[in-house]
Amino acid sequence: MELVLSLGIGIMTGSGVWLILRPRTYQVIIGLSLLSYAVNLFIFGVGGLKVNGPAILADGTEAAALSDPVPQALVLTAIVIGFATTALFLVVLLAARGLTGTDHVDGREQSQ
Amino acid sequence: MSATILYWSLTAAQLMLSIAMALALLRMVFGPRAQDRVLGLDALYLNSMLLLLVFGIGSGRTIYFEAALIIGLLGFVSTVALAKFLMRGEVIE
Amino acid sequence: MNLGQHLIIAPILVPLVTGALLLLIDERRRLQKAMIGVASTIILFAVAVALFRFADSIDGPEAARQGVYLLGNWAAPFGIVLVVDRLSALMLVLTATLALPSLIFALARWHTAGAHFHSLFQFLLMGLNGAFLTGDLFNLFVFFEVLLAASYGLLLHGSGLLRVKAGLHYIAINLAAALLFLIGVSMIYGVTGTLNMADLAVRVASVEPQKRMLLEAGAGILGVAFLIKAGMWPLNFWLPPAYTAAAAPVAGIFAILTKVGIYVVLRLSLLVFGEGTSSSSGFGLQVLLIGGMATITFGAIGVLASQALGRLAGFSVLVSSGTLLMAIGLGSGAITTGALFYLASSTLTISAFFMLIELVERGQDAGASMLAVTMEVYGDADEDEPEEGGEGVALPGTMAVLGICFAACGILLAGLPPLSGFVAKFAMLSAMLEPAGSGSAALVPAVMWVVVFLIILSGLSALIAMTRSGIRTFWASLEGTKPRVLVIEVAPVLLLLLATLLLTVQAGPAMRYMDATARALSAPHQYIDAVTNARQVGPASAEVQQ
Amino acid sequence: MSVLPYPLLALSLLLMWLILNSFSVGHLLLGSAIAIFASWSMAALRPNKPRIRRWDLLARLLAIVLYDIILSNIAVVALILTGRRPGHHSAFLAVPLDLKDPTGLALLSVIVTSTPGTAWIEYNSSEGTLLMHILDVEDETEWIDIVKNRYERLLREIFE
Amino acid sequence: MPERLLFFLLVLPFAGSIATALLLRTASRSLPAWLAGSVALIATITTALYYPSVTAGKVVRQEISWLPELGLNFTLRMDGFAWLFSMLVTGIGFLVVVYARYYMSAEDPIPRFFSFLLAFMGAMLGVVLSGNLIVLSIFWELTSIFSFLLIGYWYHNANARDGARMALTITGTGGFCLLVGVILLGHIVGSYDLDAVLAAGDVVRAHPLYVPTLILILIGALTKSAQFPFHFWLPNAMAAPTPVSAYLHSATMVKAGVFLLARLWPTLSGTFEWFWLLGLAGITSLVLGAYFAIFQRDLKGLLAYSTISHLGLIATLLSLGSPLAAVAAIFHMVNHATFKASLFMAAGIIDHETGTRDMQKLSGLYRFMPHTATLAMVACAAMAGVPLLNGFLSKEMFFAEAVETHADSILDRALPYIATIYGAFSVAYSIRFIHTVFFGPPPTDIPNPHPHEPPRWMRFPVESLVFACLIVGIVPSMSIGPFLSTAVLSVLGTETPHYSLAVWHGITLPLMMSVVAMVGGTILYSLLQKYLAHCEDGPPIFRHLRGQRIFERILVTVSWKWARWVEANLGTRRLQPQLRLVAGFSFAAAAIPLYLSGFEPKLAPLAQVDPAFAMIWIIGMLSAVSAALLAKYHRVAALVLLGGSGVVTCITFAWLSAPDLAITQLVVEIVTTVLLLLGLRWLPKRVGKIDESTMLSARLRRLRDFGLAVACGAGMSILAYAVMMQPVPDTIANYFLDNAYTQGGGKNVVNVILVDFRGFDTMGEITVLGIVALTVFALLRRFRPASESIGTTEQQQIQNAFDDAQPDRKPGDTVRDYLLVPSVVMQWMFPVIITFAIYLFLRGHDLPGGGFAGGITMAIAFLLQYLGGGTRWAEDRLRILPLRWIALGLLIAVATGVGSWFVGYPFLSSHSQYVALPFIGKVPAASALLFDLGVFSLVVGATVLILIAIAHQSIRTYRIRTEPKPEDT
Amino acid sequence: MSHAADLPLWAAIVVSAFLLLGAGLALIGMIGFTQLPTFYQRLHAPTLGTSWGTGGVVMASMIYFSVIGGRPVFHEILIGIFVTVTTPVTLMLLAQAALHRDRAEGDPDVPSVSATVSPQDDEQRLEQ
C-alpha cells in the first residue's frame, strides 16, 4: 500500500512540477491542482495507512484502530484552502489574459 | 465458507471494477475526441462509485455509502458542465 | 476567566468581526465603512499596546503563563494556543502601527478603487495578528493563508495590467510555498506527533536519529516556504514587482508581510533548533547567513539599479530581509537584539516610503510617471475609478513637507543618523564587531567582516540611490506640477516617520525591550513552560450527558 | 405561495430523509420540515408543474421498462462480447414524437437512456422529432414502433 | 559656566534652523538673516563664556542617557581644543550669516538657506563637542547631509546637484567607514567615551584590530577633509553659494576630518601605519592640491584646491607623530580657517559684482573695488605664507618639522624638498589670484561691466577675518597664544612640547626654505603667466585625469550599468525560472539533510500490495502524466484527466478509511471542474502547434524541467514512503481519539477536531474562502476579456446561424432544445440536492460530512440551476445574496466562539449535550453544530459568489477597447 | 470483512452473484467503450454500468447489509434512483454536443438536421 501510494504521490508531484514550469497559465493551474492532490495525499499518508479501519467512533471500536484523525483534519483544511486558491488563481489568470492578450505566465510571448 | 465466497467475489468485483476504470481512462487519455474523454470521465465516476459500494460491502461499514451517493447524485454535474462547454463553448450562459 | 484575559484573542477577532460586518454594509456607504474600519483599527492599536505592555511586564513563569490563551479550553499541546510574549507583542504593535496610517492614507482615494477594500484590509490584519499570536504550526499555516489571501485581494485592489501581472506571479509562487508549508508541517507531525510549537521543541530533543533526518528534511522544506515569504534570494524575484504594483496604502501595510516570514524563522529556529536543545541545534543557520548575504547583496544592487521609486522601495524590502536573515543566521543574542530593533525601524520606514512615493510621483510630469503604476489606473478610465475631486488642494509647503519626508526616508534607509535606522545599524554592527565582549583582544572573524561590509554596502547603495532619485524628483524636475495632496495622505507618512523618531529618542527603553525579547528567544524554556503548563478553566469545558 | 406547493415532492423528500437516516419520530419531524423547506425552494424555480393523470399506468410503464432493460442489457453484452450479428448495424433514427410535455419527455429520455442500446441524441421542439441512436438495428421501423407505441403512448396517457 | 548649557549650545542652532524654516513664506530678506545671525551670535557668546572653564584645564561634560546598554550616551564634552573649534564654528558662522545676508539674491528662498546653514552649524558643533565617539559619528554624518543640502541649494543648476551628490556620496561613505572604525575603537577600549579612548592609546596601538580601525577612521577623516585620493568632491562642491564655501570649505566641514585626527592623535598616532597612511595622503594632497590650484580658471576652484593642499599640510603634520608637529597642525587649522574664509568671501564679492569667477575674464578690478582688493591681497599673502601674517607662522612651523627627522624613511627624508616645492606652488597660485583679478587692464568680457565695492556690511566679515590674520601674524602670542595653548594642552596633555609663537626666529633653515619658495613661486608664476591667460581649465598633465569624471563614470558603471546587469542576470521577472528555483530549493532542502545523515530507503515486501489498489493508482498516475502532457494543446482533455486524478485521490481516501476526505474531495472536485471550465471560455484558442521543440535551447530547457520534475517526484516518493513506513510516534491524535466522544461530544473524530479541538483552524480556513470570494468578486468587477474572447463563442455563432437559416426556428432554439429535457431533471434535482446538503451538514458531527461538504453541495444545487437555465433564468428565480451568506457565516462562527465567554470559558470552548425533547428523544445540541452552521453558510456564500461572478462575465457587455493595447516593456 | 463470517451461505451466494453481475456488466460496458468504433456507439456502453451494473451492486449491498444488520437496509436504492435519473442528462447533452461538433466540422456521417434520417450503417461508412 505504502509503496503504491508513495509512487503515486511521486508521479503526481512530478507531473505537477513539470506543469508549473510550463509557460501557459492553464498549464500552471492544472499543475498546481495536481500538486495539491499529491500534497493532500502526502499529509494523509503521514498518519500511517489503515486499510479498512473504522472511521468513526462506534460503540466497541478501539480508538487505536482508527486511522490518525489529525492528518485527516489537516487535509480537509488543505482541500478547502486549495480550492479557494485555485479559484483565485484562475480568476487572476483570466484577468491577466484579458489585460495582456496572452495566456503566457509573464503576460507576453517569450521571444526566445 | 460464506466468508470465503464473499472474499473472492469481492476481490473479483474490485478487480473488475478497477479494470473497468482503467478502460475508461484509456478513452480519457486517447480520446480521440473530447466527447470521448468526457464520456470516459463519466464512466470513471460511475465505476468508482460502484467500487466504493463494493468496498462498503467488504468493510461491512456504511461510511462509504455517502461518497458513493455523492457520485451518484452530483457526479453528473461536472459531466454536464463539460458537455455544455463542448456544445456551446460556454458553461453558464 | 475575566474579560481582560480574552484580550489575547482580540487582535484576531476584532478585525474578523469588523471585516464580516462590513460585508453587510452596502458598498456605496463608503463613509460608514471607512469609519468602522478606522474604529476597528484604532481598537486594534489599543489592544496591541495593552498586550505590549503586558508582555513587557512578563518577569517570570507565572506571568508568562498568563500570556497563553487555550482556545476551546483544550490543554496544550492538544488544542491550539495563542501566545503573547515579547516578540509577538512587538509584532502586533508594529502591525497596528502600520495599519492605522495605511488605512487613513487609503481613505483619501484608494479605498474606492475597488470592491471590499475595508473588509480585505481587516482580514489582512486578522491574518497577520493570528500568525504572530499562534503557538501552533498548522494554525500558523492557516493564518498565513488568511493573510496571503487578503494580500492577494489587496494587491489586486484597483486592478490594472501591472497589478494583475505581478499578482499572477505573486500568487503562483505563494501557492507553491503553501504546498511546501503543508509538506513540511505534515512531515514534522509525522515524526514528532505534535503540532504545538512548544511541544515540538520538547519532542525534538528525543527524536531518534533515523527519524531525525526526516524531521530535518521536513524543517528544510518548511524553511523554504518561510524564506520565500521572507524574500530570501533567489526566491524573492516576485517581491519588487508585486510591492511596486500594489496601491500605495496596500504597499504600506505590505511592509510587514516579509517580516512575518522573518518572525517565523526567528521564532522557530530558536525554539526548535535553539542552542543545546538537540543534535539538530543550529539547523539551517548557515543557509540563513549565506542566503541573507545574497539577499542583501541582491537587494542593494537592485536598489542601485532602480529607476522607479517603487522598485527602489521594493528592493529596500529585500535589503531589510537580507539584513535580518543574516543577523538571525549569525545566531547571537546581541545581534538579534539589534536585528529586532532594525526590524521595527526598517518596517516603519518602508511603509512610510511606499506611501510617500505615491504622493511624490503624483506631482511628476507624465513622462516621469510612465513608470508609476498608479498612473496606469488613473489613465485608464473605468467604472471603479478612484475619485478625483476638488478635495486635493495643493497645500502650502507641500513640496517642502514631501521633501523632508523623502529625506527622512532616505536617511532611514541608508542608516544615516540621526534617525532609528542609524541606531539599528549601530546596534547590529556593535554586536557583530564585538565577538567576545567589549575590550577584549579577540579578532573579528572573517565572516563578520563580510557581514559588516554588506551592511555598510547596502546603506551606501541606499544613499546613492535615494540621492539620485531625490534629486531627480525634487530638484531636477522643473515643470513638475505641485502634487495635490490631502492632509490625510501626508499625515500617515509623518506619523510613521514620527514613530521612527520616537524609536530613536526612546532607543534605550526600546533596546532594553529588544534585548529582553532576544534573551527570551534564545532561552525558550520559559515559552515552553508557559505553553505546556497553561491552565485550563474549570474542571473540563464540555461534558457529555449520556 | 402555499405551504405545500409540491406535496408529492415533499413526500418523496421526506422518504429520502428517512431512508438516509434511520426512522424515528425526531427524524420524521425534522425530515418533514426539511422536505417542506426544500419544496419551497423548488417552488422558487417555478417549474412546469406536471400533472399525473394515470398513476396505474406509471407502474405499468416501470415494469415494462425494467423488463426491457434486462433484455437490452443481455443484448448489448452479447454484442460487445460476441460481435455484431450479420445484417445488423448501428444507426441514427429520427422518431416523430407527439409528446410535448417536458416532464414526459424527460421520463422518456430516462427510459431510452436507461435501456442499453438506445441513446437519446437530440430533440427538435419545432418539429417534434427525436433523434436517437440505436446500437444494434436490423429494422428501423421496429424501433420507431417501440418508442412510439411502447413508451410514448403510455407517457402521453400519463401526462396529457 | 553650567554644564547644562552645553546641550543648550548644541540645540540652539537646530532650534534656530527650525524657526528659520518656519519663515518659509516670509517676503523679508532680512528677517531670516537676523534670526540666524542672532542665533550664531548667541552661540558664539555662549561658547566664549566657557573660556574660563577650559583655560583652567577643566573638561566640561554633560551626559544624557540614551542607549547605555550599548555604551551610547549623549555625551557632550568641551575642552580647550573643542572650545577653539567651537569658536571657529560659531564665530565664522556669524560672519558668514552677515555676509550671506547681502550675498543672496532676492529670488533665492532665503529662509531655507539660513535654516540649512544653522542646522549645519549645529551638526558641526556636535562633531566638535561630542564626548562619545558614536555621537561624534552621528554629527559627522549630519554635517554630510546638511552640506549636501547647502551645496545643492541652487538645485536648478546641474553642477550644484552633481556636486552635492558627489560630496554626500564620498563623505557619507567615509562616515560609514568611520562608524565601523569607531565601533572597533570602542570595543578595543571598552568604551566609546572620548576620555576613556584618549586614555587608552597604548592598548589601542597594541591591539590586533588597530590597523583595520586606523584604516577605517582614516578613510572617514580623509574623505571629509578632501584628502587624496578622495579630494575630488571639493572642487565640485564649489557650485555651492559662496557663503557656503566660505563656511564649509574653509572653516568647518573640511576641518572636521583633521579635527578628528587631532582629537584622536594621542590614541592613534605614532605608529608606522599611521605615519605612512596619513603621511602619504597628506603629502600627496599637499603637493597635488597646490599644483592643481595654479591651473584653475575658477577663483573658487583655485581656493578649493588650495584648501586640499592646506589640509594636506595639516594631515602631514599630524602624521609625523611629533607633538610639536601636532601643535603646528592645530595652529594651521585656525589660520587656514581665517584666511580661507575671507578669501572665499572676497571671491564671492567679485563674483557678485562682476558676474563671473573666471580668472581669464577678470582683470584690473583694483580700480573698481580697491578696498576689497586690499583685503583679498592680505588674505592671499597669508595663504602664501608671507611674513607678518598668520599663515607664515604655521607654515614656518611646518617647514621646521619637515626638516626634523621623525620616522626615518624615504618619505621623511624627502619631506623638506616636497615642502619647499609646495611652498613655491602656493606662492604661485596666490600671486595668480591677486595679479589676474586685480591688476592689468579693465575687464572687457564680464557679464556685469560696472563692478563696484559691495555694501559696507558685506565687507565687514572679510575685514574682521583679515584683521585677525594680521593680528595673529604680527603679535601671535598676545592674540592667539593663550587660546592655542589651551587647545594644545587639551589635546596633548602631558606631552605638550615647548613651542614658540615668535615671528622672528633668526635665519633658520625653514626661513631659507620660505625664501626659496617665495622666489621660486614668483618665477613659476611669471613663466606660466602667458599660458595661464589662455589655457584650458585644469593642470596640464592631469587635465584629462579628472577625479570627478572618473567618479561619475565609476558611479554610473557600478551603480547603474553593472547593477542593472546583475539585477537582470541574478534576478528575473519571469515566472518559470522563479518556480524552477522554488522547486530546486525545496528538493535540495529535503535532500541535503537526508544525504548528510546517510538516508537509505528500505523497501518493504511487495506482497501486501492489493492488485485493485495498484490498478487504481496506475490509473491515477497515468491520468496525472497525461494531464501534464495534454495541458498545453488539449485543455479539456487535461481537465478531464485532472478529474481522473481527483477520482483516484477520492478512492484512495475512502480505501484508507477516511470517508470525510473522500466526500469533501469529491464535492470540491466537481466544483473545481466547473470552475476551470468557466475559465476556459476566456482563454485564447490554441490552434496549431508552436513548433518550439526543434530549437535546441527549448529542448534543453524542457530537458532540464523534466529532470527537475523527475527529481521532485522521486524525492516526494521517497519522503512519503519514508514517513509512512516509520513507526508512528506518540501523537496528539491519541488524545483526540480518547476524548472526542467524551469531551467533544462527537463520534466522527475528524469532524470533532475540525469544529472543536482545532475549530480555530476551521475559522481561519473559512475566512480564507471568504476572502478569496471577495477578491474574485472585486477583481471580476473590473474584468476585461481579451478582445477576441468578447461576444458569443464560435459554437454559439454556428448554432445561432443555423437557427437563423431555418424558417421555423429563431436564434437560441438550439440551446433551448438542447437543455429542454436536461433542465427538467436538473430542476427536480434542486430540492433533492438541498435536502442532501442539509443531511450532510447535520450528520457531520457523528458521521462523515459536516458544514463544508454540506455547504459545497448546497452551492452545487444552485450551480446546477445556472447550468440548466442560464444566469438570467436562475437569477430571475433565485435571489442569492452570497455576501450575506459569507458575512453571516463568519459572524455565526465567531458568535459561537464568543458565546463561551459568557460562561467563563475561552473562545470556542464547546458545549455539547443531548437534549431530551418530547416525542423525539435525545437530540444532540452541541455548540459545535452552531459553529458548523457558520461554516456551512460561508461555504455556500463563497462558492456561489465565486462561480457566479465568473459566470456573470458571459452576460456582461464589454466596452470593446479601440485604443491600442499598452505595449509591455 | 469483520462480519462476513456471520453471513448465511445463501446470502453470501446471492450477494456474490449480484456483485459479480454488477461489476461484470460495468466491466463489459467499459470493454465495449474501448472497442466500439464510433462515438455514438460508444455512448451506449456505459449504460450497462448505469443500469444493471449499478443495479447489481446496489442489490448486493442492500442484501448484504440487511442480512448482516438484521433489518431492512435500502438506502442504496437512492443511488440507483439518482444514477438512473441523471445518466440521461449527461448522455444526451454529450451526444448532442458531439453531434453539433461533428456537424460544425462537416462530418458527413452524422445527420445534418435532426429530421433527416440516416439509414446507412455508420460502421460501413467508416470503412469506406
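Letters are used for the chains, namely A, B, C, D, E and F, taken in the order the chains are written, and counting of residues starts over at 1 for each.
Just so we're on the same page, a contact is a pair of C-beta atoms (placed from the backbone, for glycine too) under 8 Å apart; a residue touches a chain by one contact, two chains touch by 3 or more.
Bear in mind that the values here come from a model prediction, so they are computed numbers and not experimental data.
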item: Labels of chains that are neighbours to chain C and to chain E; value: A
item: Pair joined by the larger number of C-beta contacts - A-E, B-F; value: A-E
item: Farthest chain relative to chain F (centres taken as mean CA coordinates); value: E
item: Inter-centroid spacing, chain F versus chain C (mean Cα positions, whole Å); value: 57
item: Chain centre separation (chain C, chain D; CA means) in Å; value: 62
item: Whole-Å gap between the CA centroids of chain D and chain F; value: 15
item: Residue list for chain E, restricted to those that touch at least two other chains; value: 573, 575, 579, 583, 639, 655, 659, 680, 716, 719, 723, 728, 731-733, 736, 741, 758, 761, 765, 768, 771-772, 775, 779, 795, 799, 818, 821-822, 825-826, 828-829, 832, 836, 847-848
item: Residue list for chain B, restricted to those that touch at least two other chains; value: 14, 17, 19, 21, 34, 38, 40, 58-59, 63, 69, 73, 75, 80, 82, 84, 86-87
item: Chain C: positions in contact with at least two other chains; value: 138, 142, 145, 149, 152, 156, 159, 161, 164, 168-169, 172, 176, 183, 186-187, 189-190, 195
item: In the complex, chain F residues that touch chain E; value: 82, 85-86, 88-89, 92-93, 96, 100-101, 104
item: Footprint of chain E on chain B - complex, ascending; value: 11, 14-15, 17-19, 21-22, 25, 28-29, 31, 34, 37-38, 40-41, 44-45, 48, 51-52, 55, 63-64, 66-67, 69-71, 73-75, 77-78, 80-82, 84-93
item: Residues of chain E touching chain A in the complex; value: 573-576, 579-580, 583, 603-604, 606, 608-610, 613-614, 617, 620-621, 624-625, 627-628, 631-632, 635, 638-639, 642, 645-646, 648-649, 652-653, 655-661, 664-665, 668, 671-672, 675-676, 679-680, 682-684, 697, 705-706, 708-710, 712-721, 723-725, 728, 731-734, 736-738, 740-741, 747-750, 753-754, 758, 761-762, 765-766, 768-769, 771-773, 775-776, 779-780, 783-787, 789, 846-848, 852, 939, 942, 946, 949-950, 965, 968
item: Chain F-touching residues of chain B, taken from the complex the two chains share; value: 1-3, 5-10, 12-14, 16-17, 19-21, 23-24, 26-27, 33-36, 38-40, 42-43, 46-47, 49-50, 53-54, 56-60, 62, 65, 68-69, 72-73, 75-76, 79-80, 82-84, 86-87
item: Chain D contact footprint on chain F (complex, rising order); value: 25, 28-29, 31-32, 35-36, 38, 40-41, 43-45, 47-48, 50-52, 74-75, 77-78, 84-85, 87-88, 91-92, 95-96, 99, 110-111, 114-124
